[in-house]
Amino acid sequence: MSRLAVINPNMSVGFTDKIRDQAQRTIYPHNQVIALNPDFGPDSIEGYYDEAFASVGLLSVIRTLDPTGIDGYVVACFDDTGVDAARCLTHAPVMGLCEGAIRFAQALAGRYAIVTPMHVSVRPLEHLVRKYGADRDCVVRAAGVRTLDFEGENAAMAYDALYQRAQKSLHDDGAEAIVLGCAGMTDIADRLKSDLGVPVIDGVQAAIKMVEGLAELKLATSKHSTYGTPPAKSYHGMFDGFAPAAL
Amino acid sequence: MSRLAVINPNMSVGFTDKIRDQAQRTIYPHNQVIALNPDFGPDSIEGYYDEAFASVGLLSVIRTLDPTGIDGYVVACFDDTGVDAARCLTHAPVMGLCEGAIRFAQALAGRYAIVTPMHVSVRPLEHLVRKYGADRDCVVRAAGVRTLDFEGENAAMAYDALYQRAQKSLHDDGAEAIVLGCAGMTDIADRLKSDLGVPVIDGVQAAIKMVEGLAELKLATSKHSTYGTPPAKSYHGMFDGFAPAAL
Amino acid sequence: MSRLAVINPNMSVGFTDKIRDQAQRTIYPHNQVIALNPDFGPDSIEGYYDEAFASVGLLSVIRTLDPTGIDGYVVACFDDTGVDAARCLTHAPVMGLCEGAIRFAQALAGRYAIVTPMHVSVRPLEHLVRKYGADRDCVVRAAGVRTLDFEGENAAMAYDALYQRAQKSLHDDGAEAIVLGCAGMTDIADRLKSDLGVPVIDGVQAAIKMVEGLAELKLATSKHSTYGTPPAKSYHGMFDGFAPAAL
Amino acid sequence: MSRLAVINPNMSVGFTDKIRDQAQRTIYPHNQVIALNPDFGPDSIEGYYDEAFASVGLLSVIRTLDPTGIDGYVVACFDDTGVDAARCLTHAPVMGLCEGAIRFAQALAGRYAIVTPMHVSVRPLEHLVRKYGADRDCVVRAAGVRTLDFEGENAAMAYDALYQRAQKSLHDDGAEAIVLGCAGMTDIADRLKSDLGVPVIDGVQAAIKMVEGLAELKLATSKHSTYGTPPAKSYHGMFDGFAPAAL
Amino acid sequence: MSRLAVINPNMSVGFTDKIRDQAQRTIYPHNQVIALNPDFGPDSIEGYYDEAFASVGLLSVIRTLDPTGIDGYVVACFDDTGVDAARCLTHAPVMGLCEGAIRFAQALAGRYAIVTPMHVSVRPLEHLVRKYGADRDCVVRAAGVRTLDFEGENAAMAYDALYQRAQKSLHDDGAEAIVLGCAGMTDIADRLKSDLGVPVIDGVQAAIKMVEGLAELKLATSKHSTYGTPPAKSYHGMFDGFAPAAL
Amino acid sequence: MSRLAVINPNMSVGFTDKIRDQAQRTIYPHNQVIALNPDFGPDSIEGYYDEAFASVGLLSVIRTLDPTGIDGYVVACFDDTGVDAARCLTHAPVMGLCEGAIRFAQALAGRYAIVTPMHVSVRPLEHLVRKYGADRDCVVRAAGVRTLDFEGENAAMAYDALYQRAQKSLHDDGAEAIVLGCAGMTDIADRLKSDLGVPVIDGVQAAIKMVEGLAELKLATSKHSTYGTPPAKSYHGMFDGFAPAAL
């Protein structure tokens, strides 16, 4: 039995609830999952500035959870905010939505498109895709809506914009599968797959399956160099309690 | 419940047995796995020539199995022989050992080494690593032994050669994790991990977990272009029965 | 004097005849060329599945021909099916149409387009182009016709579709030369060159000239590693006669 | 006249003093420079975990300084911690030490080496080098000392280790120039240049000159997409005061 | 105080005058700049053929100037004609307009476009961009006018074509900043910036600031290998006086 | 019948004689070849500075020869000096030794090494290899001798140094074939092949065979963009006679 934590690094409880629902539907019955968000930080993550603060929130959650025995973490944000730092902090495997979704897409299609809500995210996601070695086969497109539009009264409009952009990518970009480029889209994968007729990959589900697999095999993050445990030192001011010395 | 097939594309029953043992240890209890090999083809796969014949054997097995309801396939050869053709043949997800192991390694380490038995495999594996977009972080090294040395009386010597080469890669190449570059090494991952003190990834296990995840999520290979169903046509001579028309 | 074999790896005699005509027009008078196809396999090669079977047919022809003294081989398929395996099997140089055509195009133009019949071939050809290190300067486009359309009553329509797609590539992609992306187009290079006013490269001709050059210089495939002779072993069942032991 | 801020994102006052001295020696007389560090955060930055906290400190300093009229920022850390987020926060140009040093090195040498103190920084710096498009011509090496060794009683030993590693890189890696891979080395560039006989580039100096140039030309960060101003939203808990709404 | 030379490698005195004006406006008051062109060679540089001759003119100017004490050179042509050879000839830093402009653009924008006058320059500039490691973030576009159109009666038309092409690049290519792809555009950066609302980078200014910075820091070209001083030897005929023996 | 010109771009008559001998041995009997050098320029080509002058000499020869009816040009220098400019000047195909040799090596081996005389050439050749898209499979090494050492009393020593370096590359770099990195080595390919037991590719021979093939197929350089005919304009001073207006 593995115990997983799915962490939404922003403060949107609505997002966290949606992600928890998806996580509980997704996880193997013999495993356990908790979904939560930090108790400080931004309401949503849109670009590099929000990411900087959300990373600290993410790390605060992991610091609290790790001693309770977590076998794997999913960072439930498509920007993979703070994943590298998190891998330094814990021995348990850590996976972001973008990395998880790309790994599944690569197995299913020769070319695929990430469709994200806002144009402002296109370049940061392209940099991420490049970091993961996937830029030759993956394009990043924006639906032109806000992340929160996928909830509440704008939901129908947002879905339609997403559908139109994905459809266009199948035709113009040669995409053969669609990756949902935001945690907030996690509940529409099935509908979009049905409407488009190609595989649609939800990062929440993909990352959970990847981490469940890693945890099941007792595969831990290498502490040999890149993700080595942070050397002990003093932290000051409002980050006083985050010093690696406490680890 | 998913039903998986792990196909050893060569004729070595010893290999198939070892792979079956590992597959049964690895698979989630709620899933089922069968492990088998074709009834024609080479005794082992060492280089491009053997691969050409093993691919046909692999496809023959999938043609037989697919109508029985298989939810995912693992091609249990580290050269990922015939994986592209197999993805055209079936809707179920297909994963080779190299691709599966690399995806897990990428999540655990900044740099890693594949250690394969024979020098002759280094360049073909490097081409594969490049195809998967992993060449910037992955090196391929050879232990200088034969694949079959990992069975029988040479096993201790083979293990030692593997250990020495992996150790050297940690120091000289900056590797932080080791990927076992042959299906025949599937039973020594734990021992090597213990001896080296870094994560050791077995492709059989990694590929099974990836395919279980894809199958659980009902994610199928895209038929949109790259892996489209082969168009119906005539095949002649000894391949008469393999015509896509029969699909 | 060199003796070349141009092997059409599929069973289409019409294709083989067309290729033979082109080969005989192309070869230097002091050399000899034979053109043939295997006596088993698919009627045409469209995608990875057909390739797997055609590769075996190709190797069967080389096994038969090699002892008769062949100085160079052309694999007359634009997917370069089985070329790597063929290079392991024989000491004589082996060249596929795609590799040959790209090498000539690179010498004549800063950017060029491969125009192939079917959309389904675009991604496999893009992978091939990338393998050859040419992806920065080469685009792959599809005319939207079947390969066999270039013969018989559809020939005029097929030519027109090819011409339109090539024309569009000159304008939209910045292509400065056109590569014919199928062996079946081998007889229309001159007409297309005249109609477009840019160089048009036929892979059959390019590959023959490359192999004639290699053969004339007595340059053989290196057996040092990547294309090393397959180690002797047993093959079973319908591939019994293909065991490398017989080499 | 331009007014520059050089921000050491960690809490080491010794480092800040050293950087301030170098900045004042480096800046054109008609410009002004201030050097400072945040009032919270880690004592030094060694790896991804420290970076996450130091980024917030960096942003806090910029939020305070920006309304006072700053024409350009240097992030005085070789990991370029928080540079992307900082570019979103201000219109003034922002440059990290690694980017600045690489741009100067590229103009002076065909190949060059970054020599950094600790082995644990090699992989993160390699990722940064790759992000800057410099990985084909740049190698990253570690001297095997701690960052703080360049101050106090270990300074002679640290210099010697740096010298030996740089020397080895000239011979073994074909490096033609050396980049100092840590802000704490900023006072030894001249000595090392003299001892090695090749250009030695200090990131503090290079980044200052780049930013002075950008500021002089009134070139501001593009707000068009990647570095667009963060959209207004609520932040909670200890980050309450950092909400982009306040911008 | 540094003494800079800005060399227009072609014979257009109008261009040289315009570049001199920009150089004098750009340089720091404590530095000196001279702007000049060779006394032989082509009237303008359009493509590889003109470049070959302009390179010799450039080198002739540097040979004359270098003994007078020049601290840095700008090659005032966007093709960076002869920059590599010039770096061999002098110890002073040498920068072309393309390299300088790209380094500034990379600090200001996630993606940017070079807009050059003629279509014929697109491919050579793309090769240059690739050499500088910037091809993933930079596109090259042509306004479809002649270089000299930016002077005299066609100037309004040329500006309009440039503006239209840049505008299109912002929308279609996702460019966030514009690089002026010709020395002859050096006087319109401010106007275009104002009209487009994004940063516009003029290579003359960028290269001057880069070289001023390098010169101020006493950073010289490495003579270790790539840009080593040419070994002494005889030159004959009309190049008799250019022999490296005279250096 | 094709008429080829092999142009040694430097003034070494000894080199030109050696190249002529090789060219006459290499060319098909039905073709004709002339070998010559310019009547001005450097005695040898070692680095970027010499290249700039040799390019003009090369172009002067082509301007003289082209009206006499040349069907293809070989630039007999391994730096491929002036090849791009030459392709603008003539419709006939133009090939340098490096490009020709690499194309043949790519067909024969998975990895190969260029062995050049001087260390100073390593970086320029690496840039060339990268331009040709071959950097993933090709390493460049230096034997540590002067180019002219391959003639006269040092010849035995030079051969030995070359042999040792090539041998080392087979073992340490995984090279499977050797490319001779200098026109002056053109007469030792057979001996080295015999001594090493792997293919050895001489660029003079390879480039001649490539150009003979292109010429035989009536394939001309595309004038569509990259290699477009230089637009007419005035040239001044000692280059007065080279103006494209005269073409």
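All chains are identified by letter, namely A, B, C, D, E and F, in their written order; residue positions are counted from 1 within each chain.
Definition applied: a residue touches a chain if its C-beta (ideal position, glycine included) is under 8 Å from a C-beta of that chain, and two chains touch if they have at least 3 such contacts.
This structure is a prediction, so every number in the text was calculated from the model and none was measured.
*Asks:* From chain C, how many touching-chain steps at minimum until you land on chain D?
*Replies:* Counted as steps through touching chains, the separation is 2.
*Asks:* Could you run down the chains that neighbour chain C and chain E together?
*Replies:* A, F
*Asks:* Interface overlap for chain D and chain E, more than half of numbers shared or less than half: same or different?
*Replies:* same
*Asks:* Computing the C-alpha centre of each chain, which chain sits at the greatest distance from chain B?
*Replies:* E
*Asks:* For the pairs A-C and E-F, output the one whose chains share more C-beta pairs in contact.
*Replies:* Answer to which pair has more contacts is E-F.
*Asks:* Since chain B and chain D share one sequence, what rotation angle in degrees maps the C-alpha trace of one onto the other, as a multiple of 5?
*Replies:* Rotation angle between the two copies comes out at 120 degrees.
*Asks:* For chain A and chain D, let me know how many angstrom lie between their CA-based centres, rounded off.
*Replies:* Chain A and chain D have C-alpha centres separated by 29 Å.
*Asks:* Which chain B residues reach two or more other chains?
*Replies:* As it turns out, chain B has residues touching two or more other chains at 110-111, 122-123, 127, 135-136, 174, 225-227.
*Asks:* So that we know how the chains sit together, what is the shape of their touch graph: line, ring, star, complete or other?
*Replies:* other
*Asks:* Would you mind giving me the full set of chain pairs in touch?
*Replies:* Every touching chain pair, ordered by label, is A-B, A-C, A-D, A-E, B-C, B-D, B-F, C-E, C-F, D-E, D-F, E-F.
*Asks:* Provide the residue numbers of chain B that touch chain D in the complex, in ascending order.
*Replies:* Chain B reaches chain D through residues 110-111, 136, 174.
*Asks:* Contact residues on chain F for chain E in the complex?
*Replies:* Touch residues, chain F against chain E: 11, 38-44, 46-53, 55-57, 59, 82, 84-85, 87-89, 119-120, 122-124, 127, 131, 225-228, 230-231, 233-240, 242-244.
*Asks:* Report the residues of chain D in contact with chain B in the complex, numbered from low to high.
*Replies:* Where chain D meets chain B, its residues are 122-123, 127, 130, 135.
*Asks:* Mind pulling up the chain D residues that touch chain E in the complex?
*Replies:* Against chain E, chain D makes touches at 26, 28-30, 93-95, 99, 103-104, 106-112, 132-137, 170, 174-177, 198-199, 201, 205-206, 209-210, 212-214, 216-217, 219-222, 224-227.
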